[in-house]
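Naming follows writing order (A, B, C and D), and every chain is counted from residue 1.
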Amino acid sequence: MRLKALALAAAAAALTATPALAQYTDGGIKIGVMNDQSGLYADLSGQGSVWAARRAIADYCKTTKCHDKIEVVFADHQNKPDVGSTTVRQWFDVDNVDVVVDVPTSSVALAVHNIVREKNKVMLNSGAASSDLTGKACSPNTVHWTYDTWALANGTGNAIVKTGGDTWFFLTADYAFGHALERDTAAVVEKSGGKVVGKVRHPFPGQDFSSFLLQAQQSKAKIIGLANAGGDTTNSIKQAAEFGIVQGGQKLAGLLVFITDVHALSLQTAQGLILTEAWYWDQTDANRAFSADFEKANKGNKPTMVQAGVYSAVYHYLKAVHELKADGDGAAVVAKMKSMPTEDALFGKGQIRADGRKIHDMYLFEVKAPKESKGAWDYYKLRATIPAAEAFRPMDQGDCPLVKK
Amino acid sequence: MDKSAAIVTESLVKDFKGFRAVDNVDLTVRRGTIHALIGPNGARKTTCFNLITKFLQPTSGRIYLNGEDITRLAPASVARLGLVRSFQISATFPHLTLLENVRIALQRQLGTSFHFWRSETSLDALNARAIEILHDVGLGGSENLVAAELPYGRKRVLEIATTLALEPEVMLLDEPMAGMGREDIGRISQLIRKAAKSRTVLMVEHNLSVVADLSDTITVLARGRVIAEGPYAAVSQNPQVIEAYMGTTDTESGAALRGAHG
Amino acid sequence: MKNYDMPIFAALIAILLVAPLAIYPVFLMKVLCFALFALAFNLLIGYVGLLSFGHAMFFGFAAYVSAYTVKAWGWPTEIGILAGTGVAAVLGLIAGLIAIRRQGIYFAMVTLALAQMVFFFCLQAKFTGGEDGIQAVPRRPVLGFIDITSDIHFYYLVLAIFAAGFLIIYRTIHSPFGQVLKAIRENEPRAISLGYHVDRYKLLAFVLSATLAGLAGATKAIVFQLASLTDVTWQMSGEVVLMTLVGGMGTVFGPIAGAAVIITMQNYLAGFGEWVLVIQGVIFVITVLLFRRGIVGEIAALATRLTRGRGEAGHIAGNPATTS
Amino acid sequence: MFELIGVPPQALFGQLLLGLINGAFYALLSLGLAVIFGMLNVINFAHGAQYMMGAFGAWMMLTYLGIPYWGALLLVPIVIGALGILLERLFLARLYHLDHLYGLLLTFGLALIFEGLFRRQYGSSGLPYTNPIPGGTNLGFMFLPWYRGWVIIVSIVVCLATWFMIEKTKLGSYLRAATENPTLVRAFGINVPRMMTLTYGFGVGLAALAGVLAAPIYSVNPIMGSNLIIVVFAVVVIGGMGSIMGSILTGFGLGIIEGLTKVFYPEASNTVIFVIMAIVLMIRPAGLFGTPR
C-alpha cells in the first residue's frame, strides 16, 4: 500500500516536473519558414517573411531572456502542394523543425496543415487565404494569423455596400478558390442590402480580360468585384484602366490584392481600387519603423500584411514556448498560444480563438490617385475600419469540429 | 488485265503540288521473270517503286498484285502479301547483329511480335534458319557482327538476305548495284539470279550491263512516262531511248548504254 | 556481348533494401516513383525514338484517379493504384491513336497539346479539387494486412512496385516485341517493307509507357497522400525529359540515375529559390551540348572504350536521337 | 432589338474585335515560330521567354535609359534579335547535324534559364508600364482603346510584310529553297549557315516585338511568356507547322473563336483552342495549312 502511494507520488512528481525542465527538442527551437521564394507570391511572402521571422526573434530576445538556440530555416514550396508536403515531412522527420510559418497558397497550406497535425507540430499560417483552415478543416495544431477569404469578402463586400456600392458584377477565376471568394462576397453583399447583377467566370490563369471587362461594363454595375488572385488580378486591373472602366464611373474591388500588386501596377493604373488588408505600413509609428528596416533588407520593398503577420505570429509563438519551456508537443503549444492574449508592436493586442483564428481589426482601403500620393509606397487611404469582433467569421458558422456548439 | 502477271499497274498517276511526277504508267511484270526499270536521272523510277509498294499513295490509277487490287492497302500489308522491296541506300538495322537483322524478317511468321511479355530467347528457335540464309548469301560465320561494321557491299548482301528470309513472291530491288565495286557486282548479280529462280524480280538499275545481263524484260521510263518496253536488244536500239539518254547530262548512263550495246 | 544488366539490377535492389538505414525513406520513395516514371518515358524515347512532351498527363491523371478512388470511394489502396494505372492505359490508347500518326517534333507538339487538354480538364473537373488537389489520401493497409502508415513499411512496398515496373520494362525491351521496336527505331521504312504495321507497334509501346507512367503517378499519390495539378503541368513533362536526358536516353539504368540526380538536386537547392530553375536550365543546355549520352551512357561508353580500346563507342548506349 | 442567343449584336461586334486583337498576338508569335521552324527545323521553346524579354526590354529601356515606348518598339526587337543570333551561333548551330529534337530540348533549357534569371532579378509580381496612347474612342458598340487599335495595325502590317518577304521576294525564295535542299542552295554560292542565323534572329525579334506590344496592356512579369507559349504552340500545330500564311490566319482566326467562346461559354475559353486542335489533328494530321509528312 505504501509502496503504491510512493509510486503514485513519484509519477505525479515526474509529470509535473517534466514541463518545469526546459524540454526543447534537439536542444533548441527551430522555425521553418515555408513559402514561395521564386514564383507569383515571392514578393508578398518570400525572403521578406524570413526576415520578419528573424526580426521577431531578435525583438523578443531583446526584452526577454530567451532560449539561446533559436534557428530559422526556410524553403521554397514553389506553390506546389507536393513540394510543400515533401519538404515539411523532411523538416519534421529529419531536420527537427518545430514550427512551420507563413505557407501562402491555400493548396500547399492545406497539405502542410494535414502533416503538421499528423506529426503534432505547429503551423502559424500567415500567407494562405482559405478560411477552411479554421473552418471544417481546423486543427489543434494550426493558428491562422493574418487574414482569410471570409474576412476579405466580409470587409470588402460589407463596407462597400454601406458606402453606396450596392450593385455588383463579379469577375471570377474559374477554380475552387475564385468560386469561394465570389460566393462569400456575394452572400455578404446581398445580406447588406446590395445586389449582384451578373458574373463571368474566366479561365485560370487568364491573359486577356478585356472581353470580360466589356461584359462587366455593359452590366452597368457600380462595383466590379475581382474574385481572382495574383497575375489575373493585376492583368484585370491594368486592362480595366485601359478600357476606361474607372473613369466611366465604375469601381473595382479587389478581393485578394496585396500592396505589392498595387506597387506592380503603379498608382496611375490602380487608382480607385478598393481592397481589404489586415495591416498597412503607414498606419503607426511602430509600423513605419519596422518597415524602414524591412525596406533596407528587402530590395527597397515595404512589408506586406503577410510578412507583418509572420513577425507577429512568431513573436507570440516564442512567448508561448518560453512560458511552457517546451516545444515538443505542438498541440500543447498551440493551446498555450490560445490561452494567452497576443500583443506585439505591429498588430497590438488581440487573441486567438478556439478554432485557431487570430482576431484583430481589418481595414478597408482605397488606392490613392497619383496626385494624392506623397511619396514612394504611399498608396492607401483608409475608408473604414472593421472592428475585430466583426472582421472574422463567427466561430459557430465555421463548422470547426474543435468548437463545441 | 493479264491474270498471269505478278504486278500490273493501270494508268498510274502521281501528282506533287500541281506537277505530274508519274504520268499514266502501265506496267506489266510477268510472273517468274526479272524485269528491269531503267531510265535517265529524273525518270521517276523510284517514285514508281514507292507507288507500287504503297510507300506513296497514287493520285489515280490501279495496282494489282497477282490479280488482286492493292491500290488502297497500307505498305506493310502489301509486304505481307509477298511484295517486298529494298531501298536505294542500303537498308539494314545498323545496330543489330547480322543474325538479328535476318531474324526480324523471320520473326513475323511466329506471330509473337506483339508479345512484350515473352522473352526474346523464344526467338532463338529461328537462329538455325537465319544462319542458313546468311550462309547461302555468303555471310556465313559473321552472324554476330553488328551490321554497321560491314563494308557497304556486304550490307547490300545482308539486305537481300533479309528480304529473302521473307520468301517473297515478288522482290523489288531499288538500285541493288549502286555504289558497288566490280567484285561485289558480280556477287550480287549471282545472288539475284539465284533468288529469281523461284520468284519474280522487278529492279531499278543504272548499271546497264547488269541490266542487259540479268533481265528478261526492260521498261524504259523518262519524265514519268513509259517510252519503251521489251527485251534489252530491242530497247537499246530504240531511238527514243537513245535520245532520252543522250539528251541528258547523264554521261555515265549514256556511256554505259553505248558500252553495253557495243 | 555479355550482358551485365541483371547483376547490376540485383546490386541496385540490394543497395535500395538497406538504403533507408541511411537515407530518409520518404525521399527514397519520391526518387523511386520518379525513376519509374522516367523509365516508362524512356521506353518511348529510348527504344522507339518518340519524344513525348506530354507524359505528365498519364502520371498526373493516374495520381488523381488513385487518390480519388481511395479517398472518396474508400477503395483499397492496391485497387486504387490499379485503377489509376488502368485509366492511364486507356488515356494512353486515346492519346496514342491521335499522336502516333506523327513523328519527331510533330509528335512532341501533339503530345504536349493533348497533355494541356488534360490539364485544363483536371483544373475544371469537380473531382480533382481544383487548386487544392485531393489532399489527405488515407494510407489503408495493402491487401488488408500490410500496414503502410509507417513510412518504412510503405517504402518496401514502393520498392517492390518499382522493381516490378523495371522488370516489365526490361522484359518488354528484350522480347520479340522489343526486337521489332528496335528495328523500327533503327530503320522504320525497312521495318514497313518487311511487313510490320509500325504504327500498331508504336501504339502498343505508347500504351505500355503511359500505363507504367500511370503506375508511378498512382503510387506517388498514395505516398504523398496527395494528387495535385503540379503533376499534370507541362513543366512536369519537361522534368521527366530532363531526368531521362541527364541519366541517358536509351540506356537501361539511365532514367534511374537521372531521377536520383534531379530529385536530390531539387531537394538540396530548395532553399535557393529561383536558382533551381536556372540550374535546371543550365543542366539541360550542357547535357544537350556536351553529354548527350547522359550519365549512364557516358559511363557505358567509357567502359566500352576501356575494354575495347578503340572505336566509336557511341552506338553502345543505343542513343537513337544521335542519328538524324 | 433582336438578340443573338441572348447576346445583343453590338456586344458581339465588340467581342469579335477584341478576339481579333488577341489574335494579333497569337499571329505575331506563331509567325515567329513558323519562320524559325520552317528554316531551322527547330521548335523554339524559348519563344515565350523571348517574348517576355521583349516586354522587360521595353521596361528596362524606359527605366534605366529613359527611352520611351516608341524607341523601344524599334530597339528592343533588334537587341533581343541580336541576342537570338548569339544564341544560334553559340548553341543551336552545333545541333543541326543531330535529330531536331535536340533543338527543342536546348531551347527548353534556355527558356528555363531566362525565366529563372528574370525571376531572380525582378520577382514575380510584375512591373508597371504606362500605356503610351491612353484613351480611346467609342465605336458605338464598344469602347476601343487607341492602343488596341495600334496593336492590330502593327501586327497585320508586320505579318503581311513577313509573308510577302518570304513568299514573294528573291531572298524569300532562297530561304524556302534552302529549307528544301541546303546543299543545292549552297552550291549557288549562298551562305546557308548565315541565312539560318539571321532567320533565327528575325524570329526572335518578332517575339520581342510582340513582347513590347504587350507591355502596356499585360502584366510585365517573368512568367508571362510561359503562360502564353503553350497556346501559341497549339496555334502553330493547328495552322500546320512551318506554314507562314497558315500561322497568321490561324492566329487571327483562333483569336476570334476564343473571343466568341468568352461570350457564350467563358469557362471554356482557355480550352477551346486545344479542343479545336484535337479535332483538326484527327481530320488533318498535318494541320490546316501544312503539307503532310
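Throughout what follows, contacts are C-beta pairs under 8 Å (C-beta built on N, C-alpha and C of every residue); 3 or more make two chains touch, one makes a residue touch a chain.
These numbers were taken from a predicted model, which means no experiment stands behind them.
Most remote from chain A, judged by the distance between CA-atom centroids, is B. The interface holding more C-beta pairs in contact, when C-D is weighed against A-C, is C-D. Centre-to-centre separation between chain C and chain D, using Cα means, comes to 32 Å. Taking each chain's centre as the mean of its C-alpha atoms, chain B lies 47 Å from chain D. Taking each chain's centre as the average of its CA atoms, chain A and chain B sit 75 Å apart. Averaged C-alpha coordinates give centres for chain A and chain C that are 38 Å from one another. Counting partner chains per residue, chain C has residues 120, 124, 273-274, 276-277 touching two or more of them.
Looking at chain D, one finds that residues 116, 119-120, 267, 270-271 touch two or more other chains.
Chains touching one another form the pairs A-C, A-D, B-C, C-D.
Within the complex formed with chain D, the residues of chain C that make contact are 51, 53, 98, 101-102, 104-106, 108-110, 112-114, 116-117, 120-121, 124, 234, 238, 241, 245, 273-285, 288-289, 292, 320-324. Those residues of chain C lying in contact with chain A across their complex are 24, 26-27, 30, 120, 123-124, 129-133, 135-136, 151, 220, 224-226, 228-231, 267, 270-274, 276-277.
For chain B in complex with chain C, the residues that touch the partner chain are 53, 55, 74-77, 79-80, 84-87, 91-96, 100, 103-105, 107-108, 110, 112-120, 122-123, 146, 148, 162, 166. Residue ranges on chain C touching chain B, taken from their complex, read 171-172, 174-180, 182-183, 186-187, 189-198, 200-201, 204, 208, 315, 318. If you check the complex, the residues on chain D that touch chain A are 11, 14-15, 18-19, 21-22, 116, 119-120, 123-128, 130-131, 134-136, 142-143, 145, 147-148, 216-219, 221, 223-224, 227-228, 259, 262-263, 266-271.
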